[in-house]
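The chains carry the letters A, B, C and D, assigned in the order they are written, with residues numbered from 1 in each.
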Amino acid sequence: MFKKVLIANRGEIAIRVIRCLREHGIQSVAVYSDPDRDSLAVRYAHQAVHLPGNTSAETYMDIEKVLDAAKRTGCEAIHPGYGFLSEKAEFSQACRDAGIAFIGPHPESISSMGDKTTARELMIKAGVPVTPGFQNENGDRREALQAAQEMGFPVMIKASAGGGGKGMRRVDRAEDFLSNYDMAASEAKSAFGDDRIYIEKFIQNPRHIEVQIACDKHGNAIHLAERECSVQRRHQKVVEEAPSPAVTPEMRAKIGEIAIQAALAVNYDSVGTIEFLMDKDNNFFFMEMNTRLQVEHPVTEWITGVDLVRLQLQIAAGEKLPFSQDDITITGHSVECRVYAEDPEKNFMPSPGKITSLLTPSGLGVRDDSGVYPGYEVPIYYDPMISKLTTWGRDREEAILRMSRALGEYRVGGIKTNLWFHRALMQHPAWLAADLDTAFIERHPELLHKGLDEGHIEPALIAAAIKHYKTEARRGAAGPDEQTQNSSQWKAGARLAVMRYRSL
Amino acid sequence: MFKKVLIANRGEIAIRVIRCLREHGIQSVAVYSDPDRDSLAVRYAHQAVHLPGNTSAETYMDIEKVLDAAKRTGCEAIHPGYGFLSEKAEFSQACRDAGIAFIGPHPESISSMGDKTTARELMIKAGVPVTPGFQNENGDRREALQAAQEMGFPVMIKASAGGGGKGMRRVDRAEDFLSNYDMAASEAKSAFGDDRIYIEKFIQNPRHIEVQIACDKHGNAIHLAERECSVQRRHQKVVEEAPSPAVTPEMRAKIGEIAIQAALAVNYDSVGTIEFLMDKDNNFFFMEMNTRLQVEHPVTEWITGVDLVRLQLQIAAGEKLPFSQDDITITGHSVECRVYAEDPEKNFMPSPGKITSLLTPSGLGVRDDSGVYPGYEVPIYYDPMISKLTTWGRDREEAILRMSRALGEYRVGGIKTNLWFHRALMQHPAWLAADLDTAFIERHPELLHKGLDEGHIEPALIAAAIKHYKTEARRGAAGPDEQTQNSSQWKAGARLAVMRYRSL
Amino acid sequence: MELIATIDQNEYQLKVEQLGDHRFRVNINGVDHEVDCMEVMEDLYSMIHHERSYDVHVHHGKKGHIETHFYDDSFHVEVVDPMQKILDQAMGGGGKGPAALEAAMPGLVQRILVKEGDEVAMDQGLLVLVAMKMENELGSPKAGVVKEIRVKEGDNVESGAVLITIE
Amino acid sequence: MELIATIDQNEYQLKVEQLGDHRFRVNINGVDHEVDCMEVMEDLYSMIHHERSYDVHVHHGKKGHIETHFYDDSFHVEVVDPMQKILDQAMGGGGKGPAALEAAMPGLVQRILVKEGDEVAMDQGLLVLVAMKMENELGSPKAGVVKEIRVKEGDNVESGAVLITIE
């Protein structure tokens, strides 16, 4: 096994990887941008190398700087996390050239799967069902429009190099196509350094089902069941669960086998995920492969007991899979809520700032993968996810009830979060009935309205009155310079703001 | 199932129960003493009833006050937690008389098992192996001494009504017997309101092995494997694990069967624990039955996936056991470290005070059952346990490595804790080799010495120098009234203390 | 202290008095409520009212708005001093006069979608601000004419900065 | 600022200078160390020194003692000003003169085991204090004669209270 590993990432996933390294006596090296000097990752790692700059492009996505840090500190391997360099074939290649193990798949599989056209063709060849789509290689907007018209609206516009919802847009009418195309291309350029666009037929009311697979460098491959990620906002997953309530054991065996075929088609040699759309008739369509660890991997860890990061390390170190397919059993059910610094009432607008107080839930069947601590300032430069809360139960009902309980205990002061949205969701009849599709939130706008229980109006009035009273009392005691009600530097300036915010 | 339940307890176990009630839509009613107004239990419960007073006797152990609170708030059941009223047969009886369900066993089984002589006789009758012992019913010290001399020193002196190490003492020589007897009787009196003493042959270097059982009111009984609790300080468990590394599947089946027999001998109807001592030749001796939930129940929950508090509720509500023995499978291994506000270097002397900052660990396989939060003041009136940290792994090694990692992340400011002791323990060769007995800590005094890694001397000097520098800088800036270095009210007065502390 | 509070367009008359260290009397529409309210952490109140317990997080939103988060429920409460309320009504409410598009968070001005002098509708996109890895299209606070554009593409703006004014 | 620090009876000469907001220069036995040391929470330092990272909790023990807790290790460091050290040495150290048994935590005096005028050995039990549900037998700070017993059985004592003096 490796003796020292660099983590080319930040936030909760850097913590996730450092935890695993710590557990196995492997030295960890964090890299950090200017705003991340005070991050948990820096604090928990054995070593920390500064990458000067604020933006991703200057820091976590700068291949040369990252490799340089790994070489100087004597790392034998690099873990890319998700996002940033994790799905850049040239980074996997650069690691190989530098004689450093990339904890992820070999570059050829990343490029094959990263390019939507190649992936499509490979999948069709391997007998995997695919959705109609068009790769706009030359950047000709008119050609893209024509392809969209041929497959029929609605269509999805996606960044070819993308993932995580960035640069992704649904277009319902031909006249909206070009403006959306431009914006997606521009976002793709800034997020991935690649403005190529992929157009895909939009499947109505699909469920998002994905299969976790793991392949070693010796030709062994297993799947670790599926996850369902149908609850999305801004085309990004916000709640996930495993197993999917819509998948029967027979379907699981079948899509597991298809997923393994898909991975073997590119000689895959790490953990990865095959994403499918499932239509109302239980047909599966290959969407894409994520050639990396997923944000939502903890739900799979809960139901299988497998440490997926440890498995990644073992595979990257050349070890054989320690499990056969028969060793993988599913126990119970797990749900994940992504906790974001954002305002669900304002179309999930990010809400960076200082976390003035923090209470995280725990107890039986609760896991919180967090990247923050009390006093930490959520920076404006990166994704606003602050933690992933997951629960486990003997069945879906117990996992959901436990999630409701855990969300109740979760308290974040100083910034807005989506915790109350998750609480409302966990009590929603359609969610409880597992009546899901990727437009779930749009179909249920009542989730975005606060105040469920009339019995709480009186205590809400009392608490607000006392808060107002205390604030005024403090204001009276303080000098004029200290009359700011919010402790965050960002918030201070925003008191007078009348900014209007609209969904894209 | 019940609609409303009162929790006649405090601290982490009150939280544990409230969490379970919250998950199942049952209203929770907390009771609280004066110092516990700001406790987490009050905050998390639906209702909170004040029991005026500071001491346990005035509050949590006052049967009348507790029952009164339950009646006034319309509770259908009372959960006693552990300690306090949990093993008082008269409380179980009083609940029965008041028509309130006691979430624990019926009073007859508590009194049978609570009285060591009766329990012994019942066990001998049921074919359960027991240790030689003597119940001093009439309080005659001389008679007790004679019995001790007959069974041969060393002997253990225990509170007949007791548990949790209170009033428990080992005596090696006849001349030390009477003074220890008196002190034990006095502690027993103040802790349990009952000064009767039980004398028992001391088994040399035993392991403490206990079996978790569950019986419903319909005659069904199962066991949920064993826990090992050999690492003790002051005769109190400090680290526990499940399953025991010394127990083979064959032994497990055998002692599981014995434990079920023991429980059936008193028509037991709740969850409970049969404690055994295991000598070097793998002989088991019945020690006692704990007719309640144990502190260390989470390790069993980790390896079986069973929510033991939910099971208690189901049984108390008259439901049948939802599992048969065959449904109970053991997956992986779990370890618990009890986190105390105490100073291991001063013979684990309690260290109450204000928690100025708090970071608790999380992530894969980590559970923290805590009763505190940042800013909370650990009161001087009750047990100084602030949380129970448990981890799970696919095997013992992974669980221990994960515990080491989790302990590293755990940060408590303002009070002393035993976290560094646990960290040293988790790296100790004898612990790793599972070479355990109840005198483990005495045999390994090196565990009580700080500073393992020479490489940390330089950073320790640097940090201490900067801390001293900052403190002096603040002292310079502050007025003379603010020069107290410690924020706790208790600590402030202790700065000049030269108190000497000696083990009992 | 007298206050007017609004939840979901229902208005309540409030009166607050502090009786002790953590005891308050709050009068709602003429009915007194005595509560035991401890601030256990910053902005986190442990409130006991008739033996019912509430662990409530109070969070200042925009001016006068207080979010109250309970264990399993959340409310928006708008709180104003009666004097302020009268003043606001005298001003005739919003909608008239010039308005400013401000940045509620710091970010990078990626594209400006209008020119000075353009006529714009309410909510029409004026500017794209990149913040926290998302493109946020900011809409006009009112219908009117773009008076002044105070930033240019590529500018980094602080929170609260006036970006564009509309008349 | 110059200091003398002791770990496990090894003495170190230290010098501390603050270079910037969270930059310090600490000289240990003549060798300079420049460190980046941020106080991320109260008494919790994130320290980077030659690209090695330490998350260290510093905790004041008894006078001049600082506990440093790392992720996987803990140390006791005794820190004194050189001037204080000289003063202490001039005083001839401990062991002579009267000594007081004080309560390091609040509790209830359950039993007093000696009388005034008794001769006691070092560490001999003087008094039983009940605190946090445990009986704690407090031993004599030195060998000598019990001069004054300032408490009686049943007393509740505060932390720091002098219980018994020994001469």
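What we mean here is this: a residue touches a chain if its C-beta (ideal position, glycine included) is under 8 Å from a C-beta of that chain, and two chains touch if they have at least 3 such contacts.
Predicted model, so just to flag it, every value in this text is computed and none were measured.
Looking at A-D and B-D, the interface holding more C-beta pairs in contact is that of B-D.
Separation between the centroids of chain C and chain D, computed from CA atoms only, is 50 Å.
As a whole-number value, the distance joining the C-alpha centres of chain A and chain B reads 40 Å.
Between the CA-based centres of chain A and chain D the separation comes to 48 Å, rounded to the whole angstrom. If you average the Cα atoms of chain B and of chain D, the two centres end up 30 Å apart. For chain D, residues that reach two or more other chains under the stated contact definition are 41, 52, 71. Among the residues of chain B, those touching two or more other chains are numbered 22, 44, 357, 359, 373-374, 404, 408-409.
Interfaces, counted as pairs of touching chains, are A-B, A-C, A-D, B-C, B-D. Chain contact summary for the complex, chain A toward chain C: residues 56, 166, 183, 186-187, 190-191, 234, 349-352, 356-357, 359, 380-384, 404, 408-409, 411, 413, 416, 419-420, 423, 427, 450-453, 456-472, 485-486, 490-502, 504. Contact residues on chain B toward chain A in their complex (touch as defined above): 15-16, 19-20, 22-25, 44, 298, 301, 305, 307, 331-332, 357, 359-360, 362-370, 373-374, 394, 398, 401-402, 404-405, 408-409. Considering their complex, residues 1, 3, 5, 7-8, 12, 14, 16, 18, 24, 26, 28, 33, 35, 37, 39, 41-45, 47, 49, 52, 54, 56-60, 62-63, 66-77, 79, 99-107, 110, 123, 125, 128, 130-141, 158-161 of chain D touch chain B. Listing the residues of chain A that touch chain D in their complex gives 22, 30, 37-38, 42-49, 73, 373-376. Across the interface of their complex, chain A is touched by residues 36, 38, 40-41, 46, 48, 51-53, 55, 71 of chain D.
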